[in-house]
Amino acid sequence: MSRFALPSGHNVARPRLSYLASPMQGTVIAAALGAAIALPFFVGEFWVHVANEILILGLFAMSFNLIYGYMGQISFGHAAFFGVGAYTTAIIIRAPLAETGQIGWGIFLAAILAAPIVSALVAAIVGWFCVRLTGIYFAILTLSFGELLYYIVFQWYSFTGGDDGIQGLRPPAVLMATEGYYYFSLILVAVAAMVVWTITRSPFGYVLRAMRDNQRRAAFLGINVRVHQWANFVIAGAFAGFAGALWGPFGRSVAPGLLGWQKSGEAVFAALIGGANYLLGPMLGAGVFTFLHAFVTKYTEYWPLTIGVVILLLVLFLPGGILSLVPKAWWTRRGASADVPERTKEPVPKS
Amino acid sequence: MEFGFDFVFPQLMAGISRGMLLFLVAAGLSLIFGVMNILNFAHATFWLLGGYIAYSAFTAFGPPSGANPLLVIPATAVAVAALMLLGFGLERVLIRRMYGREVPEQLLLTFALVLIIGDLIKLVWGVEDRSVFLGLPPAVIFGAFINIYYLVIIAVGLAVLAGLYWFLQRTRFGRIVRAAVHSREMVEALGIRIATIYMVVFGLGVGLAALAGGVVLPLTPLALGADIDLIVQCFAVVVVGGFGSVIGTFVAAILIGVTYSFAIFLWPDGALAIIFLFVIAVLVVRPWGLFGTELRT
Amino acid sequence: MTENILTVRGLDKRFGGIHVTQAIDFDLRKGEQSAIIGPNGAGKSTFFNLLTGYHRPDRGKILFDGVDITSWPPHRIVKAGISRAFQVSNIFGRMTVHENVRAAVHAHAGVTFRLFAPAARFGGDEVAEALDRCGLAGQADTVAGDLSQGDKKKLELAIALAGRPRLLFLDEPTAGMSIQETEDTMQLVDRLNRELEISVLFTEHDMGVVFNHAQRISLLHRGSFLVAGTPDEIRQNELVKRVYLGEGI
Amino acid sequence: MEKISDRKWNRFLQSLDRRRFLTVSVAAGALTLAPRFVRADAGEPYNLGVLLPSTGAGANWSESAIKAINIAVADINSRGGFLGKHPIKIHYRDTQTKPDVTTREGRSIILDEKVRAIVGTYSSASALALQEITHEAKVLQLASISNSEKIVGENFSPYTYEFGPNTKMMSNAMVSAVAKLAKTKGWKRYMTIGQDYEWGRNIQNGFVNELKTAAPDVELLREMWFKLGESDLGSYISGIMSIKPDFVFPAIAGKDSRTFMEQGQAMGMLQTTSIVGGQITTVELQQQKDTLPRGLVGMSRCAFFAHLDEPVMQSYIKKYRDAEGQYPTDMACMNFDVVYGLEQAINRAGTIETEAAKDALKGATIDTGRGRRTFRECDNQLNVPTYIGEVHDDPEFPFPIYKRDTMIVVEAENVWGTCDEATANRKTRA
């Protein structure tokens, strides 16, 4: 019996994961992309920085959502892979930068590409243990691994710069311009998002959904649940690392906080705000979260209070995220499909 | 350094006290987690809020330093009463809506409370650190100097452990609570409203957090953000101890406290990470924790 | 006559000191359609759980078509050719009916690690066939969680079939179905057994279904098999009556 | 409309609840707009960024810094602003003590609010992260609380000026004092305990290395590190007590130093062990006036009581007391110097243009609460002293200060090393 089938739990309508099945979705995505390309011509420089931050955090949140929205587990240590990616790039480019103050495209791109590989390796080790657990236990184990990695980075002064982090991470000259780095991010994030999208509609993507809906039943289809979850964990870690790679040269510095659980929390917020059941929900959520943060802090120091209230209201009244406001029929040509609230669980064995 | 009695005994005492502090904060978390299966991110924030309320009560009764140590008792009582009421209210208004929900949403709701309450504390008490200083002389036990207030912490910790044990095992209500963990239907068949049980348990758990906040007031200064530092450790203790086992939480807290107390000498660079190594080891080898039962994972 | 597709010897399982199955011996012949009956709590579901790797037996041996599958994990057992439909419908509630069956087809076809090809590219025909067989063709795009209880059981069956099993375990396949649906479902099972030569082992509360559709019936009581025989033999058996009337033995 | 007088300002500020200091910053910003409307001939406003945490552990120290900045800005605005015609507009942002938030907020106020200078940051990591942004945007960074030697050393930028003694200066200052004390008291063995983060590591490192040269016969027994914000230091304290060193050097600041002192006292450590060189600034002296053990030797960064004869300091004290009813803390004192130092540079430059102001600060001598002080040309470090003294009750003040006759004011020239050392590890900036 479901542990959470407790009193007065009202059923929450939850749309199924959408996939690009209608011209409508294509139009929306094309429009969004067009708007993203045109953005620097219409807003001030700071907001281009903010948009850049949204792209990076959005990719990070999308990678997190492979575990959350698609696989049904919540990770509170996902930022560790983001941070490992950021540090990988930073450590590779810091030596030539300190020497000459400049970096060549070759080394720079190699450093960006090395990040997802290193993150995937770390995720492979961490994930090996984590996929054995589910629910709260999965959350706590990922949290603990994340904190452990945080402390390693925090303590290892000679290699990571410890608490100080690493500064002076200047990208090649063209990317020093705000717009330059923005378009660079836009291209890489768009490509990465395409890959994520491809994965989510592949057989593998549907196995993830099956494991989310009913892990035990998935095993009875002949699916090796752990191996598939592990593979997904590694893939998610790699994309988080890729997002992290873009972060350091964007902010010109990295610090251990990038690995901390509060950074993981930002991915969770983003997925929740935008809608974890939609491919681009986390990206939208990252947009709202980052924009709010940048906007609200201009007027008040009570940012935690503000975002706290927003999250509270969302969890209570709009658990499907902003995208769940859009009528489902609008997304798919197959017509409206209401959704199923409870996660079916196998009965406790009777004897 | 020699590992003689002069070294080991005070370290052991400090470790036990450290563990007891952790247990005091984590006990309510463990209770709520065990009975309601809600992992309350805001638990340490309730602890901090309880501490601030106790501080205000204490300073209303006397100056923040050099006052009669016994004033801690009414100050703590005020904090516990206030937080229990808050707990009842929050359960009624917010937590209750989360019972049918999935784990991530429950975590997010309580995390929202961390942010909101944290800022409300800042609004009310400002950013200045607060502390109560009793100026008690150290106790000398077996030649070792001991913070005499540690003895209070240890006594209160043991009392909380015994009290929870008595409540859950010996009282009618406690038995109903334990039954509710296993079978909601059975409890309702007995004509008891499960909603009431959850409200009481949540209020009680939050009250325990306030108790911890009040009791540690003379030991630890209050500062914004202290809850964030503590909550992850509390999770660790509850998980290591085992799902829903108050005894487990106790043993885990002491174990972690004592290990830490020695680790800062034996492995200074790793001491901070030890708690997470503990959690990882336990979750990998025995996910239901030291004292939990396997079925509950 | 023929060889066994399933051979169970001395299967023991205890939960906290209580024997839920006790030194069970059981045989299922190839191509046979057999039923297990027994009162609630007799251990039927546990028996299925042991056979499909959900629980590990404390002692004993399970042979599937001569291969020792004792303590194999579920996914390996399924790959070997055993499918299972669950008593309480146990489907992927947030996916459509089509997607449910397709996932099973993909698992069987071993394409679940195809990351960069659309899922729709694989197994469309098999899915359509399984849905058609189970009378769900018209519901392909319905979200599975929205199905009626009866349709969920049909989907269970369709998922189980998608694995192209040689041996099918059905745990109360018609629970929650109307009389008509029950009849349709059991006829389908009969056809699977006859035409595709799938061996079937099922449990059922509805004695009418059991006696009409099983070639052989075994009585499970308190974790052991007491009697086995043809429907006629079972109908006459005093022990069965006593167990069902609760007179004790 | 008449100008807002100092008295009015002070009354206004006093009427505010002191914990609403941030509301003050908003109000100050709004009020500074007033002269702009009054004087048609007024120049454009001077946008001044303030990046300090009002969330988390750094908030306690930053509070008085923010207050001082507001008071100084209100004072300058009452004279019409910089050069009498550029009213200052404050753009305050909470950094949450997180480097990535600091980066974003830094960009925000530079690009959107067009700030010409940024005062602040609390943690070293935030200062270093911000330095990349200010350097690139050619905006002044005026640091004081964050004082890692890297800010003016390895990470040097011509746009950054450091108004507080940096970590190297502070630990060297302490070494010189300890070396003397060790000689007189016969100390041979010591240990250190520090907050495990950049600042703590920096201070400890500098101290240990310098003491090796200054007093080679004094032996370091053990280092201990604890997590920032640790609430129970019992294990560390009992450890110190069983090791029984002759003295302990604590690299601890902020709330944790209170935890250390109070718990140390309750366990009898302060009664049996000499604790030398902790950060006992005027924040701690005031907030912990009842509990700080008298006779403790500590150091501070901008002690008002060391400069009571200085007219500038007298004015700081008066302004701060009028507005807040308290004495200015180290953090307030340093940030008064920042704002008035900037004013002097702009006066000399004759324009609010950033490049001119930057060049005017280069090697400049300015009047500060700590007397006339000069920026060293090679690294933009102000030659401010470090204060070392014994906590001692003083009849003149409602809280303890350093014992005046034994207090040591260690001048920068004795401790900041050579320019070659300061620039040795400097990284190349494009």
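Letters are used for the chains, namely A, B, C and D, taken in the order the chains are written, and counting of residues starts over at 1 for each.
Please note the rule applied: a residue touches a chain if its C-beta (ideal position, glycine included) is under 8 Å from a C-beta of that chain, and two chains touch if they have at least 3 such contacts.
Since we're looking at a predicted model, the values are computed, not measured.
K.L.:
Comparing centres built from CA atoms, which chain ends up most distant from chain C?
P.N.:
Comparing chain centres, D lies farthest from chain C.
K.L.:
Between chain A and chain B, tell me the centre distance in angstrom, where each centre is the average of that chain's C-alpha atoms.
P.N.:
For chain A versus chain B, the centre distance works out to 32 Å.
K.L.:
Centre to centre, by mean C-alpha position, how many angstrom separate chain C and chain D?
P.N.:
74
K.L.:
Where the centres are mean C-alpha positions, what is the separation of chain B from chain C, in Å?
P.N.:
Centres of chain B and chain C (C-alpha means) sit 48 Å apart.
K.L.:
Roughly how many whole angstrom separate the Cα centroids of chain A and chain C?
P.N.:
About 40 Å, centre to centre.
K.L.:
Name the residues of chain D that each touch 2 or more other chains.
P.N.:
54-55, 196
K.L.:
Could you list the positions in chain A whose residues touch two or more of the other chains?
P.N.:
Counting only residues that touch two or more other chains, chain A contributes 155, 304, 341, 343.
K.L.:
Thinking of each chain as a vertex joined to the chains it touches, would you call that graph a line, ring, star, complete, or other?
P.N.:
Topology of touching chains reads as other, fitting no named class.
K.L.:
Where on chain C does chain A make contact in their complex?
P.N.:
15, 18, 20, 40-41, 43, 45-46, 49, 52, 54-55, 73-76, 78-79, 83-84, 86-96, 99-100, 102-104, 106-108, 111-120, 122, 141-146, 159, 162-163, 223
K.L.:
Sort out for me which residues of chain D touch chain B in the complex.
P.N.:
It is residues 18-19, 54-57, 59-60, 62-63, 196, 222-227, 229-232, 234-239, 241-243, 254-255, 258-259, 262-263, 265-269, 271-272, 287, 290-291 of chain D that touch chain B.
K.L.:
Mind pulling up the chain B residues that touch chain A in the complex?
P.N.:
Listed in rising order, the residues of chain B that touch chain A are 36-37, 39, 94, 96-105, 107-109, 111-116, 118-120, 122-123, 184, 194-195, 198, 228, 232, 235-236, 239, 269, 272-273, 276-277, 279-280, 283-284, 287, 297.
K.L.:
Which part of chain A faces chain B closely enough to touch in the complex?
P.N.:
3-12, 68, 74, 76, 129, 132-133, 135-137, 139-141, 143-145, 147-148, 151-152, 155, 261-262, 265, 268-269, 272, 302, 304-305, 307-309, 311-312, 315-316, 319, 341, 343
K.L.:
Considering the complex alone, what residue numbers of chain A touch chain D?
P.N.:
Contacts found on chain A: 44-46, 49-50, 53, 97-102, 154-155, 157, 162-165, 167-170, 176, 251-253, 255, 257-258, 293-294, 297-298, 301, 303-304.
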